[in-house]
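Given below, in the form of structure tokens, are the structures.
In what follows, chain A forms one complex with chain B and a second complex with chain C.
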Partner chain A sequence: MSQSSQPAHSKSRSGFIERTLVDINNTLEQSIFAEKIARQKGLLQALDPRLKVIAMLMLLFAVSLSHQLAVIAALYVCALLLAAVSAVPLGFFLKRVWVLIPFFTGIIALPALFITPGPTLLSLPLGIVITRTGAMTALFLLLRVGTSVSFATLFVLSTPWNNVLKAMGILRVPDVIVLVLGMTYRYIHLLLHIANDMFLSRKSRILRRMSGAEERRLIAATSGTLLGKSLQLSSEVYLAMESRGYRGYPRTMDRFRMHWFDWAAALVVSFVTAAAIWLGR
Partner chain B sequence: MDFLNNGGDPIFDVKDLCFAYNDQISALDHIDLTIHPGEKLAILGSNGSGKSTLLKILDGLYFPTSGRIKAFGQDLTEQALRDDRFNFDFRSRVGFVFQDSDAQLFMPSVWDEIAFGPLQLGVDEAEVARRVESALLALHIEKLRDRPPHQLSGGEKKRVALASVLSLSPVVWMLDEPSAGLDPRSVSWLKDFILAQGKAGKTVVLSTHDLAIVEATADRVYVLDEKHQIIAESTPGKILSDRSLLIKANLVSK
Partner chain C sequence: MSLKPLIQKIPRWMLLYYALFIIWVVTTAMHIPDGYLSPVTSIIMFVLVLPFWAQGVQKLREKMSAKNIPIVALFAAFSFVVMMFNVPLPGGTTGHAVGGALAAIILGPEIATIAVSIALVIQAFFFGDGGILAIGANCFNMAVVLPYVTYAIYQAISKNEALNSKRRIVGAAVGGWAGLTIASFFAAVEFGIQPLLWHTVDGTPLYAPYPLSVSIPAMVISHALIASVVEALVTGLVVAYLMRANRPALAMVIKPQLAPEANSFAKWRALWIGMAALIVITPIGLLAPGTAWGEWGAEELTSLGLSFIPKGLEQLSGLWSAPMPDYDVAAVGNANIAYILSAVVGVLITVAVVWLFSLLVTSGKKNTAEISTNK
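And now, the complex of A and B:
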């Protein structure tokens, strides 16, 4: 094999393994980064997660009820300010909120530009007309979704995942569901690490490009091994729970305590929600 | 008053015990064994000899295919553990540290992990919080309290696993391959931890193939061979100086 053919060859071979490894690492990195933000010192991080759940729902309610673009825009500015005082990097925050919105909401909003009756804003060839009412409707939808997603994203980014789950208790989510979700999150990480090691070990032993059939066989073998490992692990985890007194109905403990600043924040959120609903009616 | 009171008798008394996975794959063959209060006992054997299975039977997680096991003077059976009172007393007294810390650490944060055991046993919340803080201090892991277990190193995970059992205040510690995968500093710290438990009057049972940890910590040793039978029982000095025995048990190479 000639030296010159090496880079192109190695780039194309095992592309599937490379992509899988990159995806696994991205998932792990994103989760570690999000957890890092949640453990920074900031305004939202200091608040009781239960209050954050209620505050988020109140603000989502205000965004949904408001009929004034300026009010929704003001709420969006509030979300940006909250991100700034909660050590959430602005670029990361904007990207996280706005990258996917055009794909999902944009598809829904696009027809509104053309089919909503109203005064003409822009005339396009073939007799296609964008109406002023249609443009406003699409803008409303995009801003509403963007602002709502921003508040939800802020909640998730500023709260460690185990506290997000525990805070669900205030919405009457049963303890056993919270426990199962917490364990699922914890073991997804472990299985991702195992999968990562399996793909790395396979990558280190591949000398040529894999055919489609070989790739499929590799996926099947990896999935089978991971399933076997997860079954074995789940059995050990159950024994570990049983060994410490678990008998089928978990007892958990709520460590959250409301402080004066939580009550102050609750007052501010209540005021903002009421004002947004009043001004946006 | 605690009904699991055995006076000066052995804490565990195992007679002619056999165990097979799915009733087919033999893991333990006619085992006789006693464990006395306050002793540090090592079950020494190579990989696959059945020592982890034996430890799980002693912790009431698996049940023998045949033979008998008594714990604190009572038969340790599946039916006995269905009784709330027996289960509570047994689980409060016996703590098990799994070989794979990832299996033992299933909660989303270190604090919740350490609180899990006492909470399941019905300890009131103020006492649970006190026990968790005390375990965090004892294991020097206060800074890890809110960390998720998947972000910890191997040594940190082992400390958290020990803390999760310490919060139960057990009188018997079962440690399955406690030194596996640990760096030398963590192993040295672990030896001190085991010795400290012994000094505090706790009974320690460890399964291992690590001869150094046996020599440093155990009072008495049982040796399991690859046929899943006990082939020797003596002091660590006598066992470790018998090279032919260690070769037979596949604990050293020829």
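And now, the complex of A and C:
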């Protein structure tokens, strides 16, 4: 109510709190949505996570190595097809991949259109010239970033986090790190909720406009309190681990088994990667 | 002499271009996506971080420090969440902190490397913030350079001080600022070498398109003015807050084993022997054709078939003439001996600098130990 009556004031008064709240909630929403897609039926969901990790890395390398735009574009089409058969909503997929990261890449690639020396492609008024080389380099950057993000996104969307962690064993990631990663992911959610509550409660108690210094003190106090809570929580977690029999090394249950379609998929991915690297020389 | 004509000479589009570049740099806050770095660079960056990861994991595995595992996990989660906070800057804008500086001060640099790396890995996998092949590069910049630089400066400024000393706040803020600024320099170098090394036959850059002469000023200046200021503010203010509200947290630093004890030579013997062996076998480098990768001078670049030399490199190449150009000591006739001599001198200078620096950092060690037992 008070917000709608004083829109200008409320915006400057607690804008940074609101923005932080929005960021926190987006993150929570995003990870919940990802888990939801990972539990649906689809081609990628059915594959062994270990295979998927390797396949993703291979495809990322193929994208990264290619010197041919057409090859990268073809790999991008593959990513779109995979999304379509893996219950990933296409609109969501396109938005997630193309809106955020490559948007900024677009900004960074833009000046390259004009300043890269090379033959003229297009002459604009004011003596600005788009060079062919510039256009190519901008396209390379955009397409490469977009395709790489697409493959990474597909992997994450189709694999529950616990399986991502287990699959890391195959990359020779030490157990300790897998354990820490799992714990971190779990406590990110808790800390996000705590931070959310802290900001929300603070926001509801702000009556007047805050000065910049006050705002910064508020952020510092919130961060500091959160830090204190994290450390306190960590000693409790340690006690819980000990009381459940932690003996200094973690154990994970490994129940993955490769089926015939996993091997088939491995074959297809190897072929595609090899072809992409060959054609992209 | 006067600056005005010089500024007027800068074309309008160039200003626009720098403005856009700075916007990008500030909004993405150094998380390099896949596609900006060539695979070779990505792999090299992995190789560079690996020892730091190994050291951190080693520390985590030590039997007595099983307690560290949840601390690292919670701290990684904390730095992830803190990266999300919008920090109000003087002037009305807001920015995000990396949190690596704070991690270094509370956990010590070795463990901070692990905590920040884990936060970065989760960001890369789950939120597409930073690439997956680029994890090595991102971890090197933000999980190695940032914490180690911050920690060294924090120690240098506040090593002797009590837990509630103002110098700790200053040390934390200056450390955070310098840490992120230097980290941004490393990121700029990683971008900047791409167009030099990887392009198609007609000169089209395949990865990040801007040369060092553009990437370094754009990255370093924008970070020094905005992102590093955010890091400094967050680090300094949180340390100040902890002093008031939660002093044990500030004193809990998982002690980094900086101190080489009584017999430091014995402890590092293997390292010294290995280094000596490396010096002796340096002439093998002479057998390899061509120059070291990425160490080309301006003339060598043209001979390598590069169609143009970035202006900045051309101008800068005359700026510094090494006392031993191309590692050739004139007075020594034999090239191999000269080469070994250069290596020895180089190692000696490096060791001397590191030794002086470590002296600066550890001279107050005794007092810090007292402080932490006094908590």
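Everything below uses one rule, namely that the second predicted complex is superposed on the first by the 226 of 281 C-alpha atoms of A that agree within 3 Å, B and C clash if a C-alpha of one lies under 4 Å from a C-alpha of the other, contacts with A are read in each partner's own complex, and residues count from 1 in each chain.
Definition applied: contacts are C-beta pairs under 8 Å (C-beta built on N, C-alpha and C of every residue); 3 or more make two chains touch, one makes a residue touch a chain.
Please read these numbers as outputs of a predicted model, since none were measured by experiment.
Contacts of A:E35 after superposition: chain B is touched, whereas chain C is not reached. By the touch criterion stated above, A:G228 is placed in contact with chain C alone, chain B being left untouched.
In the superposition on chain A, A:G245 contacts chain B only, with no contact to chain C.
Of the two partner chains, chain C is the only one that A:S148 touches; chain B does not reach it.
Of the two partner chains placed by superposition, A:G91 touches none, neither chain B nor chain C. When the two structures are aligned on the shared chain, A:N162 is found in touch with chain B, with no touch to chain C.
Contacts of A:Y185 after superposition: both chain B and chain C are touched.
By the touch criterion stated above, A:V237 is placed in contact with chain B and with chain C alike. Of the two partners chain B and chain C, it is C that touches the larger number of chain A residues. Residues 161, 183, 185, 187, 190, 233, 237, 241, 246 of chain A lie at the contact with chain B in one complex and at the contact with chain C in the other. Chain A makes touch with chain C in their complex at residues 15-17, 19-20, 23-24, 27, 30-31, 34, 56-57, 60-61, 63-65, 67, 96-97, 100-101, 104-105, 107-112, 114-118, 128, 133, 136-138, 140-141, 144-149, 152-153, 155-156, 161, 164, 174, 176-177, 179-181, 183-185, 187-188, 190-192, 195, 212, 215-217, 219-228, 230-231, 233-235, 237-238, 241, 246, 248. Interface residues of chain C, counted against chain A in their complex, comprise 13, 16-17, 20-21, 23-24, 27-28, 33-36, 38-39, 42, 57, 60-61, 63, 66-67, 69-78, 80-82, 84-90, 92, 94, 102, 106, 114, 118-119, 121-122, 124-129, 131-133, 200, 202-210, 233-234, 237-238, 240-242, 245-246, 249, 252, 307-308.
Interface of chain B with chain A (complex): residues 56, 59, 61, 87-88, 91-92, 94-96, 98, 100, 102-109, 111-112, 115-117, 119-122, 125, 128-129, 146, 148-151, 164-165, 168. Residues 32, 35, 39, 160-162, 165, 182-183, 185-187, 189-190, 193, 233, 236-237, 239-247, 250-253, 255 of chain A are the ones that touch chain B when the two sit in their complex.
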